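See the structures that follow.
What follows is subunit A paired twice: with subunit B in the first complex and subunit C in the second.
Now for the complex of A and B:
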């Protein structure tokens, strides 16, 4: 094997890799923000009293969780225009990832809701709070705190999945790495650096989340 | 609808081949990944720290890197190392390494959840460590790791769709080729989606059934 490592060619394009990393993070933040709203709605629906809503939430979760994200992305980018809805590549990827993360977050929030002690809910009802007030000011804060570790893991998962945006030419980290790979043939160096950047970002996010968990004591 | 069914009939063999390759590459990688994962799991649970360290590094790299990056790396890197792997082999290699890390963590978790009394009892009746693993610890660990192991199968079926990006002719790539001919974008992506759903929901139900049986003890 005649191959010696030269990281120079990769460092020369390091700014592109960093901007790719930022795009991936941005897509994950937008998607998880929308996904949190979807997940909260579906989680409350899935533990609520209405059978139709429970069924709709269960359908959403098992539909999306059993589909590959790439299929959702291709549907959003290539198939929706046939139905008259045209989204650019950023919008279609963020939309697909939001829908995808929403299904995972439904499970996360559902587990959080189940973990809220019954007595707390009864106490809130007993002092005269309406069902909505109970949910908003008593159940939701406890549930969000209990769900924080899983919410963080889901965010890290979605950040890693933002690599799939490369398939529709969004210039995020994986797309840029592939370009450097093809342009320079510094194959080992490129993928080592790209993988290292992903891992470093995951480690930093995980550390930030642990800090957040410490700041808000567990209920 | 009739037009779609006509096109589907024309495309039936390529799509069938794609479906087989999707199932085959997921099955191959879960098979090799399980062999790898059992070794990794045992090392993570019982090896001394200097032996455990390389396995820990391997698992953390696999878990911190997106599957697509693993697939692209497995596709491009072997060529410069003088190995020639076809896209399918490279894809299965990447998915195997990914599955090995995840299954390794599963096995580690279930091994560590076994009460220490079990290992002590085994040692006190004179079992060597390999015997202890084979007859006492692994059967119990495998049992409790079974439901999440089936879930890994769902992840691999989904992950195998990424192999289309390096040109493996699995279900999604075949679907894209069919769409390239007839431009029925929504119909054929939805059709592929239904096939993925059918496989994964079947696996999911299997996992739940196994969980109920395992949970009875």
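Now for the complex of A and C:
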């Protein structure tokens, strides 16, 4: 059987793919922003002096990390309304991805926290900084610098996971590509172009993060 | 200024244990303003732990430490002894400066940034004033030209001098120096010792843990020999190094003299 490539049909709907890409990126940015806050809180809790908070952080991480993202997304979109919480598909997906990324980021930040030398923390305490001041002015910046490379990995992973939103009909890139595929039957062309867009976006994200890494002093 | 009723630092019956191991078994030590006291002794004798208790980096189980008349670290009332709040401990820690064996500079801040952090966050000074004080202190330790270098761009000796500037800039009542040359390459030791000698000559009150016997002899007004968690001998350098009374001290000096 011959299959001759015709990209024309895909280019005709290219604007749909681009808007899908923008929606996916937007969802990922919102989710990762919330997830970063969750991850920071849970990471500091998990290495902190309060046993209850350590347990809460450990429970959160193991609960979320042991659920497939797709299940979490379906749970948020279909089960929450039954419990009286109604979110639109964007909100429920962003919320699910935020929770999910938060669990992974907790581990990334926790590893970064463990790598902060104890002596440096003592030096901060010795000049009279309180525990909170030490965490904000000394521990957090060192931790972020140490965590940056794996942070980049997680960010890229979360952006790619925005494709899961297609399962609840969020018109992001994968959803739009599937529609074009069904409408035009240009299977190879559609998915090749969609893949190209994912790769291009990830390369740009990676470059931005590397740029950020270079701005931090080396230590 | 030897007001015996009110020494700058008064340690009474200090006891500290790590689990079942008793590290300090009742230490008494007084320092008056302007004193330079060196603590010598073999590793494991409790020297460093003593310094860390004074700076409240370690908790201790018995005894009392008073700094300039204020009992630090604990509050006792109705027969119970309670560790002070983080806020109180931080305020009291700011009254002493500490220089560590391994420098412990903040790696994400420049030399000036290291000196400025405490001035800004603890003493709440405006940025320009903190910067001026930092530059002044960096100049005094001979690092005026390195103010905007990061620790990773400095030699060990330079890093330790920044750490000294960081401690002194806070204008502490007492400076604790914990084996400040032990992690340095031999050729860098002297520049740090000269810096310490300089601040001693300027009248700072110093409590020094050191393995540099010649330095302890040159710079100290008093030398304390610690042995198994106790102070075994306390006297002027001439007595400690010239005519030690304690047999273990004599033995220690024989083995460390090279």
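We adopt the following convention: the second predicted complex is superposed on the first by the 217 of 219 C-alpha atoms of A that agree within 3 Å, B and C clash if a C-alpha of one lies under 4 Å from a C-alpha of the other, contacts with A are read in each partner's own complex, and residues count from 1 in each chain.
Throughout what follows, contacts are C-beta pairs under 8 Å (C-beta built on N, C-alpha and C of every residue); 3 or more make two chains touch, one makes a residue touch a chain.
Values in this document were obtained by computation on a predicted structure and should not be read as measured data.
Undergrad: Using the superposition on chain A described above, determine whether A:217 touches subunit B (first), subunit C (second), both, or neither.
TA: So A:217 only meets subunit C here.
Undergrad: Examine A:174 and indicate which partner it touches, taking first as subunit B and second as subunit C; both and neither are also allowed.
TA: first
Undergrad: Touching A:85 in the superposition: subunit B (first), subunit C (second), both, neither?
TA: Neither partner.
Undergrad: Pick one for A:138: touches subunit B only (first), subunit C only (second), both, or neither.
TA: After superposition on chain A, A:138 lies in contact with subunit C alone.
Undergrad: Now for A:207: first (subunit B), second (subunit C), both, or neither, which partner does it touch?
TA: After superposition on chain A, A:207 lies in contact with neither partner.
Undergrad: Between subunit B (first) and subunit C (second), which, if any, makes contact with A:187: first, second, both or neither?
TA: first
Undergrad: Considering only the touch criterion stated at the top, classify A:127 as touching first (subunit B), second (subunit C), both, or neither.
TA: In the superposition, A:127 touches subunit C alone.
Undergrad: In the overlay, answer first, second, both or neither for which of subunit B and subunit C A:166 touches.
TA: first
Undergrad: Is A:69 in contact with subunit B, with subunit C, with both, or with neither (first, second, both, neither)?
TA: first
Undergrad: Could you figure out whether subunit B or subunit C reaches more residues of subunit A?
TA: Subunit A has more residues touched by B than by the other partner.
Undergrad: Touching subunit B in one complex and subunit C in the other: list those residues of subunit A.
TA: Comparing the two interfaces on subunit A, one with subunit B and one with subunit C, no residues are shared.
Undergrad: List the residues on subunit A that touch subunit C in their complex, please.
TA: 117, 119-120, 122-131, 133, 137-138, 141-142, 145, 216-219
Undergrad: Taking the touch rule as given, give the residues of subunit B at its contact with subunit A in the complex, in rising order.
TA: Within the complex, subunit B touches subunit A at residues 60-61, 64-69, 72-73, 76-77, 79-82, 154, 157-159, 161-162, 164-165, 172, 176, 179, 185-186, 189-190, 192-193, 196-197, 200-201, 204.
Undergrad: Taking the touch rule as given, give the residues of subunit A at its contact with subunit B in the complex, in rising order.
TA: These residues of subunit A touch subunit B: 1, 3, 62-63, 65-71, 74-75, 78-79, 81-83, 160-164, 166-167, 174, 177-178, 181, 185, 187-188, 191, 194-195, 198-199, 202-203.
Undergrad: Can you name the residues of subunit C that touch subunit A in the complex?
TA: 55, 57, 86-87, 90-91, 93-98, 100, 102, 104-108, 117-118, 121-122, 150-152, 163, 166-167, 170
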